[in-house]
Amino acid sequence: MFSNLAFAIGEGDCLHVTGPNGCGKTSLLRVLSGMSLSESGDVRWDGTRIDRDRGTFNQAVFYVGHREGLKAHLSAVENLQFDLGIRRSFDQADIDAALERLAVTHCAHLPVRVLSAGQKRRVALARAVAAKSRLWILDEPFTNLDVAGRDLISHLLDDHLSGGGLAVVAAHHDLPLRAGRRVPLEIS
Amino acid sequence: MENVGIFTAAARLVERDLKVIFRHVSEALNPLVFFVVVATLFPLATSPDAALLRDMAPGVVWVAALLSSTLALDSLFKADMDDGTMEQLALSPQPLAWLLLAKIVTHWVVSGLPLVLIAPLVARGFFLPTEAILPMMLALALGTPTLSLIGAVGAALTAGVRRGGALLSLLVLPLSLPTMIFGARATDLAGLGEDPSGPLYLLAALLFLTLSLAPLAAAAAIRISLD
Amino acid sequence: MKPRRQRLVLVVMIVVGVGIATGFALRALQENLLYFYSPTQVAEGEPPEGRKFRVGGLVTPGSVNRTEGALDVSFDLTDNNTTVTVAYAGILPDLFREGQGIIAHGRMNGDGVFVAEEVLAKHDENYMPPEVAEALDQVHGKDSGP
Amino acid sequence: MWKAFVRWFHRMASPPHFYAAASRWTPWFFWSAIIVIAICAYGGLVLAPADYQQGDGFRIIYAHVPSAWMSLFVYVNMAIAAAIGLIWRIKLAHAVAASCAPIGASFTFLALATGSIWGKPMWGTWWVWDARLTSELILLFLYIGYMALRSAMEEPSRADRASAVLAIVGVVNVPIIHYSVVWWNTLHQGPTVSKIGEPSITWAMLWPMLGMMVGFMLFFGAILLTRVRGEVLARERNSKWIKEVAVS
């Protein structure tokens, strides 16, 4: 699908992957997250190949894909409790703060299946905030979001990057960043 | 910010899966009902003759258990694949094989354990002698988790295939035959008033073997299905 | 727990699991997994009463009685210790002959006769030309057995 | 020695090399298989004496035993190729595994058919639910399942890896089949050939059977190479070397 890609990002960098539909943005993100195998080449985290030490890499990464990865029959809070719970010990305050930040507190206790597509997206992103992972891999995070929502995500990214975080974002939108360094990568 | 151990993580996964199951419990009961209905078919298709039914009882119980456990497999990983939560499990810091084992155990508790508990009722309906009931339950308790574990590998392989139901049965049933053979044999021996310990030991051996290896194969298969 | 230790725990659990499985398998092999009863076991009343079971043994030479004009046949089955009489109505397999190992499937009747519904020949592991078999016979008698 | 082998192995893993080499080897395998099978058929059907109990009926072992043996051998081969493909991510190994399945299924079917034909005069019935025959039947199901899984997956690389996992899981079943004669004491005879100690089969009967096994192996080699060549052509149809091969 694509070949001859080589890049490295460090703290405060945001890799912005762009390109037309079907060019392999999602595939690239899945390779970077360790979910897919690349035909050749490798992905390294802190100098170690990610398939050699998945535990460490996965602890540091949070991936939000096309599918939100939320259990429809559980509430937003329950979903977050689980996703954080299998990663690390956590406080309820972390979850509440993250949901607050994404402005979905009012529906935090409803089953996810009754939420709107935009609200689900926000809950999914709240997980990335609550998990406090160093690297965010976001596949089209702006889908289904209103203007306020998009603005909110940009601000979240700003905060994440200025706190020394890393991000890989696939989006055919512009990515207005006020903090951090945008590393553009266009796949054709 | 402290990492959690594998046991805490497994406990949280079990808790989540149970919550999801109990919020639409009617679906979880289907395999159990299926088990009873399949068993009911045999006297209707053959005859209500007590001697015949008693001879058939171990086979009927085990064939029904095998079919109902295969039917239940469809819900094991499919839902998680569809809503994307399997991706999150695969990307969690915990070993995927371990998490899948926790899922399989939960699945067995919900779909396999009730079979073990209701089997005496079916067996009595087939005039299986009373003294054979306990060995039969023991055989089912050892055998049905093995069926779930073997089935999990098949379910993981077909998780990415559209309409993989028939394919899943084709993959899983041949691999499950030894379990069924030993299970039915143990039940049969107990029904004849003989010592069923030989096949019971073999069932235990199969259970521990699949318990150690099946989650690894299932994890490899899930990663392939996610790719 | 460090990831490295977690992995170690998992590996140990797998090894222990396979070890336990091997232990159970070996234990099972010590158990009697036999599929048929010997005439001695039948004489001692081990097979359940009134149920179908299998009995295996050698056909006692000179014991085969055929009913004229019918398929009925009766013969004695021995394990060189005890004998049980078998009655059967049907065509016997080619390999059925005196001294040959067979397995009969059926149940006991009230008179201590085993009424077979099916007779199967159990052929042995030896392949040899007839002359060799004859020569062996002359040396130490017919000794084909299960 | 080892280094030379590794170098050879790596070279063979490249499709154009393999394709060329396979084209050269196939006729050798094929004709030697024909010759060996013809000689052993004569040895088994004409030269070998009749059995003291089974008469001429035993001669079917010259087809039955080698095909039963091949059914297992091919499955193990398939699983090994699949494992190599999965671990070292060699596509050619996956092509070999994929090519093994239909051949193995055919041998399994042949073993079942000849076993059944043999069973009629020997046991008095076409089919006995004995351990070996039943396991052979399960083996056939395993082959069918493998092929079904492969055809259900649209993406070749995913089909390769998923079916490889299945082959490796299934291979656990193969020792159960092999030792089933020991485990479940049933009607079938023990494994005659591998019996240690006093030979229970005379040389005149034995050599055609061993030769038949060699002949079947050679035949398998010829068919496998042909199938893998087809597989490679299908998989690499867009690459440049194929066009060169096709033109020449």
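Each chain carries a letter (A, B, C and D) given by its place in the written order, and its residues are counted from 1.
In this section, contacts are C-beta pairs under 8 Å (C-beta built on N, C-alpha and C of every residue); 3 or more make two chains touch, one makes a residue touch a chain.
What you are looking at is a predicted structure, and each value in this text was computed from that prediction instead of being measured.
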Using only Cα atoms to place each chain's centre, name the chain farthest from chain D. A
Whose Cα centre is nearest the centre of all Cα atoms in view? B
Selected interface, B-D versus A-B, where C-beta contact pairs are more numerous: A-B
Could you state the distance in Å from the CA-based centre of chain A to that of chain B? 36
In whole angstrom, what separates the CA-based centres of chain B and chain C? 33
Shared-contact residues (touching 2 or more other chains) in chain B: 3, 93, 95, 213, 227
Interface hub residues of chain A, defined as touching at least two other chains: 37, 55-56
Out of chain D, which residues touch more than one other chain, so two or more? none
In the complex, chain D residues that touch chain C: 49-54, 57-58, 61, 121-125, 128, 183-187, 189-190, 192, 195, 200-202, 204-205
Per the touch rule, the chain A residues reaching chain B in their complex are 30, 33-37, 54-56, 58-59, 61-63, 65-74, 78, 81-83, 85-89, 111, 132
Residues of chain C that touch chain B when the two form their complex: 1, 3, 6-7, 9-10, 13-18, 20-25, 27-28, 31-33, 47-48, 51-53
Applying the document's contact rule, which stretches of chain D touch chain B when the two form their complex? 138, 141-142, 144-145, 148-149, 152-153, 157-158, 161-162, 165-166, 168-170, 172-173, 176
So in the complex, the part of chain B that touches chain C is made up of which residues? 3, 5-6, 55, 93, 95, 97-98, 192-195, 197-199, 201-202, 204-209, 211-213, 216
